[in-house]
Each structure stands twice: as structure tokens, then as C-alpha cells.
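Structures are listed in the sections that come next.
One chain, chain A, appears in both complexes that follow, with chain B as partner in the first and chain C in the second.
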Partner chain A sequence: MFEYLIRRLVMMIPVLLGVLFITFLLMFVIPGDPITNMMGQRANDEVIERIRKDLHLDDPWYIQFFNYIGRTLRGDLGQSFVTHRPVAVEILEKLPNTARLAISTMIVASIMGILIGILAAVFHNTWIDRTVMVFALIFISTPVFWFGLILIYIFSITLGWLPISGMGDGSIKYLILPAITLGTRSSAFLARMTRSTMLEVIRQDFIRTARSKGLSQKIVIFKHALKNAMIPIITILGLDFASYLNGSVLTETIFGWPGFGRYVVQAINKRDFQVIAGSVMIGAIIFVVANLLVDLSYGFLDPRIRYD
Partner chain B sequence: MRSRVTILLIVVMVMLSMTVLAADPQYGGTLNLRNSSDWDTLDPAYASGFNAGAMAVKIFDGLVRFDYYSNDVVPSLATDWTVSDDRLIWTFNLRKGVKFHNGREFTAHDVKFSFDRLFDPEVASPGTWAYDMIVGTDAALDGTTEGVSGVTVVDDHTVQFQLKYPFGLFLKHLTLPHALIVPQEVVEKYGDLFSENAVGTGPWKLIEWEHDDHIILEANEDYFEGRPYVDKVYYRVIPEDLTAVAEFEAGNLDFGPIPTAEFERWINDPIWKDYIVKQTELSTYYLALNQNVKPLDDVRVRKAIAHAIDVPTIIETLRNGTDTLANGPLPPGMEGYSAEIQPVEYDPEKARQLLKEAGYPDGLKIELWTSNTTDRVQMTGVFQAFLADVGIDAEIIESEWATFYPAVKEGKVPMYYLNWYADYADPYNFLQPLLYSKGSRVGMNDPLIDQMIDEMERTSNPLVRYELAKRIAQRTFELQPYVWLFHTTAYTLKQPWIQDEIWHQMYDADKLTTIWIDDSKK
Partner chain C sequence: MENTNVLDVKMEKGRSLWYDSWQRLKKNPTAMFGLFLIIFLGFVAIFAPLLAPYDPNKISLRENVDPPSRAHWFGTDYYGRDILSRIIYGSRISMTVGFVVQFITLVIGVTLGAVAGYFGGKVDMLIMRFTDVIMSFPGLLLIIAMRVALGPGLFNVFIALSVVGWTGKARLVRSQVLAIREQDFVEAARALGVKTHRIIIRHILPNCIAPMIVSVTMGIAGAIMSEAGLSFLGLGVQKPIPSWGSIINEGLQYIRVAPWYTLFPGFAIALTVLGFNLLGDGLRDALDPRLKH
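And then the complex of A and B:
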């Protein structure tokens, strides 16, 4: 297990290098000039060229790439071209906000999704199953942008129960609407996945055995069936969580949530290369670690799985 | 005699009632405002965007500023100034007793430091273009001299600027955010993070900045023009217009935008229609026709395009009928604007005729570039349809701003849809960037226009400048380097309790010192 962990962590290095390499290549291939954008419409061409030189943006891409790797290994993610602030500081400001939203979203998605999925599986082919699946389909197809605005209209404007946007004083009431907006779609996916894996498990012999032993329906479903159905569900949850940690641009935009997603999109729009590279690397680390955690969780869910 | 007494009595009564009606401004309260994005910076050296500039002027002051109610330049940190006979030496007498937010007194050394910093090659400010008429700026920027030799401290309260050539717009350039005065010790203490710890002499102190979320400003009790009426300003970053409108309706914002899709609802609302402020902007939207690219090098083709597009219909439909039809590069409200100039008429038959004369009887194919925001793409779609009607096959190339703008700047884009907003209120600021040959993005090379723009730059007589502006505007119809489309009007919602706010056409004019909150209307 320990060896497996070390091996996976070592494997992260070529993955991250690969991601950075591709990001650098993309930044050179896509049209657009960070300095022209940074300096506004009136800056002198001479000044623009000098800044390009000062920032070593006129160096060949591979020199810039190796310089960037060298700096990153020393723990320096560089400075934003636009705000002149250290990229690491900016990312560390945004990540906790995004993490709060991601965790709340996962709570909403997993509770709603798994429970509804179980309900649909237990009442397979009844009106409950059909209703749940129709709603799941509706929520999967609902655009996040529209859904967020509808929630604002109902719960903030009409009923006045919840704040409209922003993080306010940081209290939980500001999280509810963004988390529901983001989590509902995820929960619909999860409900469908839970339903189909539960149906598969429920039909297996060991469940029949459990039932014939006289175990209650609750114990059969939650202790025996759900545990065995969890592997695909955890896989989806893990990857969803990683993607939410990388930000959710639309939800962050509608609710004015100062998160990582909006930050990265703004950097891409302004061609703020240092921010893009730093953010992509952090995003890649999040995905790799989430994958690792998902893989490790398999062993806990199914003791037959060994990490050799 | 009796009737005279009666009239006198009526006048006195009306005046008395007006005094009663015009309530005295109240101190206190918090203003809740919105910005659609975070501020790139609050550091004047880097404040090239409208957002950054509009915020920087709340915290810092310049030597001069725009009057709150007109486009006149009035004293700010300078009390008065003199200009030498050759118009090369400008001497500013500075206000005494002004303090930075850290309590230190402002002096001429701060002015010198601020301008030296702007031209420090290490600082790499985007604002150097605005002051390159000052002696010694090239050497400072090259790093051959330390500081700008043309800015000298005469004594603690007098500073002098020496210019390379007479520049009639020097005072107007000093209103720009790049010329705001910063304290040396704070800049040196924080370095690149000065923006986060901005300290100026302005009416507002920066208290808190949570990036992408909010900025809190607090009234400067010691402001030399008197403290602002409001105690605090809470600026929230709300990117989405529809969310901002919801916040406004809930009473959480004092001003709200009117999204295009909601225009009809608000403008016809019986309660809110009285609280909608209409503001004509110093902007010109245009379709640029690059003379360096064939077939746009032929003036007949450019004129054909101008005649092919029905701008009044576009304004009525796509723009909700809110904008003003452009009759040249200058917007109404700008000195030098002339209402007498007739815009190009929509005449597709004439367009076809001109194309035929230019040797394109079967039409032609051309690229039409735009940045990829929804309204712009929509607009270019309409241009495409009008052009197709006269036989011009326009291929729309839509791209992100970060791609679109550098391509335009390189001067290689044949035809593009863009706009110009004033950096400062003067016709020169429209005509020079749009029509001067040096650095032109549409291949302008007209000696007559160049000569008139040079003259505008040097003359100190605003009337001469405005007259030249009219002649240049007229000349553009002969050359047709652009299809002048419209000048925008902004519509903003305001809460009933907001009083005496300033609606200036310049983004950097308002320092929020006149606005107050009438609690009785809350």
C-alpha cells in the first residue's frame, strides 16, 4: 500500500510536467498578445517591446518553459502581468472560496443523488422510479445559468429567504443557492448512476442470501447493497469534486462568487500567461490527487482489491 | 404698482418654497455600488483601464481634475498655474496643508516622484504616451537618466514642467489617472503591492480589498475640499447584469444596470421610470475600413459600404432606439461637434453603382472582424446582411478580444467593428487616435488631416482646436476611412434616496464627494 502510494506520487511528476508542457505549447500557438492586452489601447509600441523583452517573452518558447520549470521548482509561480501580484498569493485567495463551494456542492449532490438513486432502484419500475428518472433527466438538461437565476428569483427576490449573490459575511446562507445550482445537475447524474448500479447489485445472489436470512430491508440496502454499489459512485463523486475544485465559471458568475474558475477564465481572456500556467498546474495537481484518493478508496470499499 | 408688488410676492414665495424643497445634504450612511469585474490595479502608474482609473481618482488626486459639472479643467492639488510665453514652461503652485492618508504633508517632491516613477523603465507604465511631450522622458525611459529632467521642484509648493514643444492639451492630459500623485515612502515600502495598500490625498481611503469580491472605502475626514457626505462606499464585484438588477430590486445596490433584454420592462415601469438616469456617453461606434487592404484602398468601395448600411434602422432595432446617429467621429456634447453635418445616407442603389464604378459589378468578398461578445457578433451579422444586399460577401471573423485587438493594432484587419471612448474630453482625443497617419490601424495617410491634427495639438486656443475638429470631421466623409455608426447612451437605475450624484461624461471625473443619502426616502 505504502509502496503503491509512493509510486503514484512519483508518477505525478511526469504527468504535471506533461500538462505544463502542453499548456506552454498552447499559449504559444493560440493567437493573442499578453503585453498588448496588458498595456491598453494607448501604450507606445516601443514601451510594449521593451516590456516584452524585460519579461523575457521574446525568448524562444523552450527557454521560457525551462525557466518556468526552474522557478516553479523553487516555489515561485511568478507574477500576474495584469495585477502585478504573485500568482501563488492570488491562487491561494481563490482556492478556499472554491473549496467551500465544492464541498457544499458535493454534500448536496451526494445526499440528493444517492438517496434518490436508491429510492428509484428499490421502487424499480413503479411510478416513483419513473418520476425520479424524469426529474433527473430534466435537471441534467437544465442550463446552470438559467437554473441559478430562477433560484434567485424564487428564494431571494420573491420569498426573501436567502441572499442574492456574493459571499457576504461568509455565513452558510450565501452558499445555499450556488451549491444547489451546481449540485442539482450533479445529483441528477449520480441518481441515474446509483440507480443502475444498485439494480445490478440488488439482483445478485448475496443480496438474496441476506434477505433470506431475514435481514431488514434497511440493512440489506444500506449495509450490503450500497457498499457494493459504491465504486462507480465514488469514481464519479471524486472526479466531480476535482472539477468543482477547479472552479465553476457559470455559477461563480451568476452568484458573484470569487472563485478559482472565474479567475482562470479572466486570465485566459487577458492572456495572463503566468496565471494560466500556475492555475493549470494547480488544477492538474487537484485532479491527480483526487484520482489517487478515489483509487485508494476502492480498497476500503472492497477488501478484495489489493495495491501491489 | 400693485401688480409689481404681487409679482414680487410670488417670486419671493417661489424662492422660499424652493429653499424648503431643496433639502440640505445629510452626512452619513454607506453607498452600495457595483462593478462588473475586479479592478486590475489601483496604482495610478498602471491604471490604464476605465475601471482602474475611475477607482484611482477616488483615492488619489492629480494637479488638476475635470470640473464636476462641465468639461472644464479646474485646480485640484495645484491651486493655479502659469505658462511661459513660448508655452514650453508650465509652473504649478501647489495647495498647502494637504495631507496623504498616512498623515504626511503633500509637497512638490511627490509630484516629481510620481512623474519620475511613471518613466522608470523598471515600472513599465502603460501611461507614458500621455506625457512624452515633457523634456527628458525619453532619456528616463531608456534608463540613461534617473528621473525626468523636465519636471523640476522649484520649492516645496511649486513644481515646473518643461515641454519639448507647445502642447495645447497638457492640462487635459494631467486629468488622466496616470498623473495622480503618489507618496514615495509608501510606494517604496510596498513595491509591486502598492496597489493593495494605496495611499493618496483623495477623498476616500482604501480600507479593504477582497479581490473579485469587494472594495471598501472610507471618507477622508481631512480632505482638502471637505469630507464626502457619505461615510463609506461598499463596492461589490457582481459580474452578471441580471444578478446586479436583482440586488438593486432588493435594495442592496444604490445603482443598477439595465440589461438590454430588460430595457422595455424598466423603461415602461410606472414606478421606476422616474428613477432612470439617461447619460449620453463620449463614445463613437464605427465600422473601420482599412485602406491598406484591397479592395478598401479604393474610396468608391469604402463609400459603397457606407451607403449599404442602414444605421438608423440598426439603432431603432438592435439598440432599442437609445443611441444617437453618428454624423462623424465626434459625439454630441464634445466641443467641436457639429449637428449641421449630414450623416451618410442609406442608399443601396448608390452603393451598387459605386461598386460598379470601382470595377466590382458582380460584388466582392471581404473579411469582417469583431470581438466575440454577443451584441457585437449580432451587430456584425446585421452588417453582413446589409452588405450582402449590395453584393458584398462579408465573412465574419469573430475572436476573443485578446486575439482581435492585437490583430487590429497590427493594421492587418480589413474591416472591423469597434468603438472609441474618450480618455479625456477633447476632440483631439478622438481625432488623433482614429485619423492620424502615425500608428493608424486603417491605413490613414492624409497630409491635410495630419496637418490639422498637428495644429490642434500645438494651439493653446480651444476655439481654434474646435474649429479644426469640425473641418477634420467633414473631411472624413471625403475619405470614408470609417462608417460612423452611433454614439451610445447609458441608462442607469438609481434608488430614490440617492441625491446630488454626478453624471459626468468622463469616467474619471466623479470623486463621490457630492452624493448623499436621504434617509427619509429609505
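And then the complex of A and C:
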């Protein structure tokens, strides 16, 4: 296990270098001069030249890339053109809010998705199965930002039950709509995956044995079948958790949620490229780490899996 | 003398994979509904100038944010423009983005996947590590960053979506090629001295068509959804060209007084994406019945 972990960590290095290279490349192709972007149009040529030298922007690209790697390893993602604060600090301030939303979303998605998937599998080829699967596909096809607006219109504007936006005092009522918005699409994917995995498991001999022993349907499904269907479900859940960063860009914008996604959108509106590039890189690192954690979790879920 | 050479055996007419698949697809009502939606929306996109009741960019400030009426079935927007006409014209952007991006990602994905799978070794390692790098980005974030870096315009939307979208296809083609290249008919072609690129194009790639069709159909849905997200964030096509995501964005501030402003374009996106997803699901079942549950 330890050896596998080390091997995976070593394998992550070229991928992370590639990620750094692409974010570096993005900074290179951005329109306009980076110093002018940073200082505004009013800075005079002399100041611009001095800063260019100070930041080593007149070095060849490969030297600049190595400097960029060095800065990133020290946790320096540059400064926001707008607030002039370190991007890494600003992202760290926003991430806990997004993590809170992501955890709530995961709870919504896993409860809804797994239960609906099981329901469809148990009633396989009946009208329940077909209806549930059509609805799952409808939710997969619904844009997350539009679904959020519909929920706001129904539950906040028309019924007045839940707040429209923001985090307010941090109470749970502010979390409900954003978590449902982000979680519904995810739960639809999960329901489809749970259904097909459960169908495979239910057909196996050990389930027939469990049934022939006279065990109740509830025990057979939840204790025997679900346990064995967990690996693909956890894979989807784990990767979805990281992909909530994607969804958070749109969901946090709709709900004015002060997290990572809204931070990126505000940076887009102000063309604050340092923030965009830094956020993309952090997003990729979270993705890579989530992937690793999902792979490591297989061993805990299924003791037969060995990391040799 | 009796003719003994004539065998009284009825030969069953050979049926191709495509014929069988089409027969299976025809029996799937949800897939056929998806196909109907796509044909309908394609028709709307092609004949937009004939179908739209108004010029989508015609401003009429006297009629701004009017509710749905006989004159304007889906109401009007902030500038008094007819929302139905804007949605009809918006279908052109969505369909174009969906198909063009899938074409580009198909070319990149199939080429890189086939080369990686066929040659193996270092070439495979390099291509696959590059695929891993692109796949390790949260897609929408990278698309946003690329679109901001490249600047405005539909062409840059194509590029941003394509750079992120080819990876799944490359992996799929590679795995198919790995499975196929060891088979006897490929070995035979090699022994006959057929050139490598010809083996890949004529013998290996035709065997990857079925999973690719499913991937492209689903991919169109994904591209349309991503374009809608980009437009919603103000990163899609430039105004005043109508696109569904940007109409929703404009309607955002009127949601209290004019919910129809955001409602109808959202329906258009959902229906289109649903059409491609339903067809994609149906095609998967039809082309590979073993996968069906």
C-alpha cells in the first residue's frame, strides 16, 4: 500500500508539471502586456521596464517557466491585478465556503442518487424503472444555472420559503437551494450508475444464495448487493466531488455564494487573469488528488484489491 | 435430366451491423423521440429566417419586458426584442457549436488515439500523459481560462471547447485499437505489406465507428451545455448575436417580474441536450446490445 502510494505520487509529478506548463502557456497567450494589465494604462514606460526586469519577464520563456515552477512550489500564485493581494491567499479564503457547499451537495447527491438507482434496479423493466430513468436523463440534460434559477423563482420568490442568495448568517437554509441545484444533476448520474451496477450484482450467485436463505429483500439489497456495488458508486462520487468546482462556477454565481467559483467569475468580469490561471491550477490539483484518493479507497471497500 | 446442382436452400440475406442496429433503435421509443427532437431543432436552425416571426435584433423599447402574448408568444426582452425569434436564431449557435466542436474533437481524438494505440511505446506514453494532463483540469474552468486568454469570437469558443473535449475520444479509440491491432486480419494485412497508415484507416478505424457514434452524440450534448454555460457567463458569442445562455443571463435581473425571460431559453437548452442524450443512450443499446440492462 505504502509503495503504491509512493508510486502514484511519483506518477503525479509529470501530470502536475504538465498542468503547470498549460497554465503558464495560458498566461503567455493572454492578450495585452502583463505589466500593463497589472499597472493599468497610466504607468510610464520606465516603470514598466523596471518591473519587467524585477519580475524576470524579459528572460527566455523556459527560464520564466522554471521561475514559475519555483514560485508555485513556494505557494506563490502571483497577485491579483485588481485587489493586489496574493492569489493563493484569496483562494484559500474562498475554498472553505466551496467545500461546505460541495459536502452538502455530496450528501444530497448520494442520498438521492443511490436510493433512486436502487429503486430503478429493484423494479427493473417496470414503469417505475422507466420513469425514474427518463427523469434522470432530463435532469442530466438540464443546465445547472437554469435549474438554480427555477428553484429560486419557486422557493424564494413565489413561496418565500428560502433566501435568494448569499450565505447570510451561515445557517443551513442558505445552503439548501445551492446544494440541491448542484446535487440534482450529480444524483441523476449516480442513479444511472447505481442502477446498472446493482443490476449486475443482483444477478450474481451470492445474491441468489442470500435470497434462498430466506433473507428479507431489504437485507439482500442494502447489506449484500449495495456493499458490492459500492466501487463504481464511490468512483463517481469522488470524481463528482472534485467536479463540483466546475459546477460551483455557475451555481455560486446564481446564488451569490462567496466561494471559489464566484471568485473565478468575478475575475473573468474584471479580466484578472492571474486569478483565473491560479484558480485553474488549484482546480486541477484538487482533481488529481481526488483521483488518487478514489483509487486508494478501493482497497478499503474491497479487501481483495491489493496494491501491488 | 433433373438438375441436381440446384440446392433448394433459402439463403438468408446478409444483414449488416448498421441494419440490425437501426432495427433495434427503431423499437426504442425514447431514442426515436430524441431523434425527432434533433431533426426538429435542426430544421428550426436551418430555416430560422423563415420561422422566426420577427428580426431577432429588432429593438422596440416601447415593448420591453412584455409578457407572453399573441404578438410575442414567449414575451420580449429588455430591448423589446422578440424572445421566440431570439431562441429560434439561438438554435443556430447551439447546433453549430455542438457539431463543429464534435468534428474537431473527433479528428484530434481519433488521430491521437489511433497513433498511440497502434504504435505503443514512447509515442503512446507521451500522448497518454498529455491526455492525462488535459483530463486533470476541471473542464469548465480550463474552457473559461482559454476563452479569456484567446479573446472573444465564436472561433475561440470552438477552440476552447475542442482543446478540452478530445481526450475521452482519444482514450476510447486507443483502447479499441489496442484490442483490434493484435487480431488476425490486421496481422494478415501487415504480412501482405499494407502500409501502416492504410492499416489504421482501412482496417482498424472502421471497427471503432460504433463507440465513436455514441461518443459524438453525447459529446454534442456536452458541447451545447458548455456553450450555454459560457454564454451565461458572458463568454460566448458576442452580443447582439442571440444565444440561449446569454438570453438567460440577460433575464437574470428580471426574474422577479419576468420569469418567462429565463424560462423559455432554458427549455430550449434542456430539450436539445435531452434529444442528443436520449439518442446517444439508444444508440449505445442498439450498437452494442450486450451493454443493455
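Quick notes
Rule of thumb we're sticking to: the second predicted complex is superposed on the first by the 261 of 308 C-alpha atoms of A that agree within 3 Å, B and C clash if a C-alpha of one lies under 4 Å from a C-alpha of the other, contacts with A are read in each partner's own complex, and residues count from 1 in each chain.
Going forward, a contact is a pair of C-beta atoms (placed from the backbone, for glycine too) under 8 Å apart; a residue touches a chain by one contact, two chains touch by 3 or more.
No experiment lies behind these values; they were computed from the predicted model shown.
In the superposition on chain A, contact is made by A:149 with both chain B and chain C.
Of the two partner chains placed around the shared chain by superposition, chain B is the only one that A:51 touches, whereas chain C remains out of contact. Once the two complexes are laid over each other on the shared chain, residue contacts for A:157 go to chain B and to chain C alike.
Touch criterion met: A:287 reaches chain C, while chain B stays clear of it. In the superposition on chain A, contact of A:140 is made with chain C only, not with chain B. In the superposed model, A:224 lies in contact with neither chain B nor chain C.
Once chain A of one complex is fitted onto chain A of the other, the partner contacts of A:263 are limited to chain B, with no touch recorded for chain C. Residue contacts after overlaying the shared chain place A:195 against chain C, while chain B stays out of touching range. By the touch criterion defined above, A:93 lies against chain B but remains apart from chain C after alignment on the C-alpha atoms of chain A. Residues 30-31, 149, 152-153, 157, 253-254, 269, 271 of chain A lie in contact with chain B in one complex and with chain C in the other. Interface residues of chain A facing chain B in the complex, by the touch rule stated above, are 30-34, 36-45, 47, 50-51, 54, 79, 82-85, 90, 93-94, 149, 152-153, 156-157, 160, 164-167, 253-256, 258-259, 262-263, 266, 269-271. On the side of chain A, the complex with chain C involves touching residues 14-15, 18-19, 21-23, 26-27, 29-31, 124, 134, 137-138, 140-146, 149-150, 152-153, 157, 195-196, 199-200, 242-243, 245-246, 249-250, 253-254, 264-265, 268-269, 271, 273, 276-277, 279-280, 283-284, 286-288, 291.
Residues of chain C that touch chain A in their complex: 30, 129-130, 132-134, 136-142, 144-146, 148-151, 221, 225, 228-229, 232-235, 245, 248, 252, 255-256, 259, 262-263, 265-266, 269-271, 273-274, 277-278, 281, 293.
Within the complex formed with chain A, the chain B residues making contact are 37-38, 40-41, 43, 46, 48-49, 121, 124-126, 128-130, 132, 141, 192-193, 195-196, 210-214, 236-240, 242-243, 246-247, 249-250, 252, 399-403, 405-407, 409, 423, 433, 439.
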